[in-house]
């Protein structure tokens, strides 16, 4: 029993130290940090791994990215759990502003989507220039297609493409259409494992290390462009929002130096994101 | 985590991002177990030793809660800690503190239920002696918990295993933020979704190795204890 | 401290489900020499000790400790036939009993050393109690019981599995305690032990008291047929 007393004291001290570590670990960074709700595809593409150190260098702000689907990211903004929302679904972003959840949407950059599929290409769409016709072909051949099904920007874009292709996906979907309710990486893993088609953003695709039998079959159609916008969560709705720091982050993203940094992100020497903050139509 | 490097390389070079992830994982899970133990062990002992009307019902529910789905706990804690939620003013969402809370909630029923069973079994033996020695309720709880300490170490390990292995709750309440709330399991989830499967597997092996080390440490503590005090 | 004596049992019966363990027990335990319960296995000796200690509530009948119907076991101690060793050292076991008896922390160590010496366990003070032999455990259990400084000491077959040397040392301890004024109430299988220790003998058979008498009379002139047969070595069925 005598030996156990010091042992117990040691354990208590360790536990206290750890509690302290987790507690203080937070407060130190609380000072110049913001929470940015963004999307899983942006995170999976490695974009933030590249950009955040630059943000820190240029503005001194520590950016904490919480990556969720676009729908969930906007919801996080609505709850006041993030300072800034950085997603790629223009209609949803404009609605966000219309609802008063933010006072202004700033266009930042775009990347594009690519339609990837298996080498055997059962729907024969390889090299197709018109993505809508490619979608029609997939549906006609009942070729396996993986949908993210998670209200993400990519998902919203996919559904818009079905609509524009004249396919009522709710009616026409069968066992060939698999809605998995997960992020871009999960969708690519699933497509790779089952030799299926899926719509992916180029950045995540290039960065994805488990491509398996998949390759890019359709790209370049302007309908595949994917616009990103950034918004400060309305501080009048949520007083805890870090207004100055959040706005400073946004100002950096749309500034010439920020836009240049964005253009500088490359994988395999390919530029992935194209800055367009000055485009009035973006 | 740097892409393209194997987990072994990260371990051998003591890569700082790996070290910080391991440190955070241990801190969160161990703290969660300590918090859950401070509540769960006396609670389990109390249920074991007290007669009250709905006792059987409480035991059934407690045992069932051992299988509480982590995602549900994550969601409930998220809603509570969200700025729009009741505890939003604490500002704990997306921090390590939220992860500790979620994991403590998951571990608590395991510790309480296993303690309850262990103490109840021991109580059968000890009841008469305590009655004869005229030991009060508090004294009984303390003496039984101490005498059951070796079995309770196993219960604590079970709790730690549950905490260290789970990812559903902490990814929701922590946000998997690099450098702040990214643990072994959430890092594995992320690398998997990036398609870095070999790296994900490698990290998984590192995590299992850590679990083995913790288990070995507990075993050594038990051996030393048994030799000293039987 | 106020004594629990006399302990008066009046028409005490104990039934568990449909099994009658004791019935019609009338017995007074008063200050003085040891009272020894004898009788075959299953005759109710253990049950009677537990009722007198207060560990078991009678199904019918009345029991009072110094006139009180309910008395916390502050002044009485019990040594069990198979004592439970706390998972700690021998010394810590005694300290625990001392703590439960209300002895202040500062005095515990010294008192523990005294008790250990009195039962001959001082050399094993730091050994884990679970590593003790049967005889050593009995002695530790006795020391724990004595830690309370009781006025009444109940013992259930205290020397049942002990070798002669250990038996002798326990018996000497009990006699010494009795001389100090502790009322010893014990059960035994061993008639010779009863002869050595008893002031009063109580013979139990099938849950009732067959005969209760001072030892001298019981062993030389038992008044009941059953007692005669028991002393003669017959198996009482």
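Labels for the chains are A, B and C, by order of writing; each one numbers its residues from 1.
One rule holds for everything that comes next: contacts are C-beta pairs under 8 Å (C-beta built on N, C-alpha and C of every residue); 3 or more make two chains touch, one makes a residue touch a chain.
Keep in mind the model is a prediction, meaning the values are calculated, not measured.
J.: Need the most distant chain from chain A, centre defined as the mean of C-alpha atoms.
T.: Relative to chain A, the chain whose C-alpha centre sits farthest away is C.
J.: What are the two chains with the top count of C-beta contact pairs?
T.: Result of the pairwise contact count: A-B comes out on top.
J.: If I average the C-alpha coordinates per chain and also across every protein chain shown, which chain's average lies closest to the global one?
T.: Of the chains present, the most centrally placed is B.
J.: How many angstrom lie between the CA centroids of chain A and chain B, rounded to a whole number?
T.: Centre-to-centre distance between chain A and chain B: 32 Å.
J.: Express in whole angstrom the distance between the two chain centres, defined as the mean CA positions of chain B and chain C.
T.: The mean C-alpha positions of chain B and chain C differ by 47 Å.
J.: Once you find the CA centre of chain A and the CA centre of chain C, what distance in Å lies between them?
T.: 78
J.: Can you list every residue of chain C that touches 2 or more other chains, as numbers and ranges?
T.: 88-89, 92
J.: Any chance you could list the residues of chain A touching two or more other chains?
T.: 1, in rising order.
J.: Where in chain B do residues touch at least two different other chains?
T.: Within chain B, the residues that touch at least two other chains are 228-229.
J.: Would you mind writing out the residues of chain C in touch with chain B in their complex?
T.: These residues of chain C touch chain B: 53, 55, 72-74, 77-78, 80, 83-89, 92, 96-97, 99-101, 128-131, 144-145, 148.
J.: Which of the residues in chain B end up touching chain C in this complex?
T.: Per the touch definition, chain B meets chain C at residues 125-126, 128-129, 131-135, 139, 143, 146-147, 149-150, 226, 228-230.
J.: Along chain A, where are the residues that touch chain B in the complex?
T.: Of all residues in chain A, those touching chain B are 1, 3-4, 7, 14-15, 18-19, 21-23, 25-26, 29, 35, 40, 43-44, 46, 48-49, 52, 64-67, 78-81, 182-186, 188-189, 192, 207-211, 238, 240.
J.: Quick one: in the complex, what on chain B touches chain A?
T.: My answer: residues 3, 24, 26-28, 30-31, 34, 82-85, 88, 91, 93-97, 100, 175-178, 180, 190, 192-197, 221, 224-225, 228-229.
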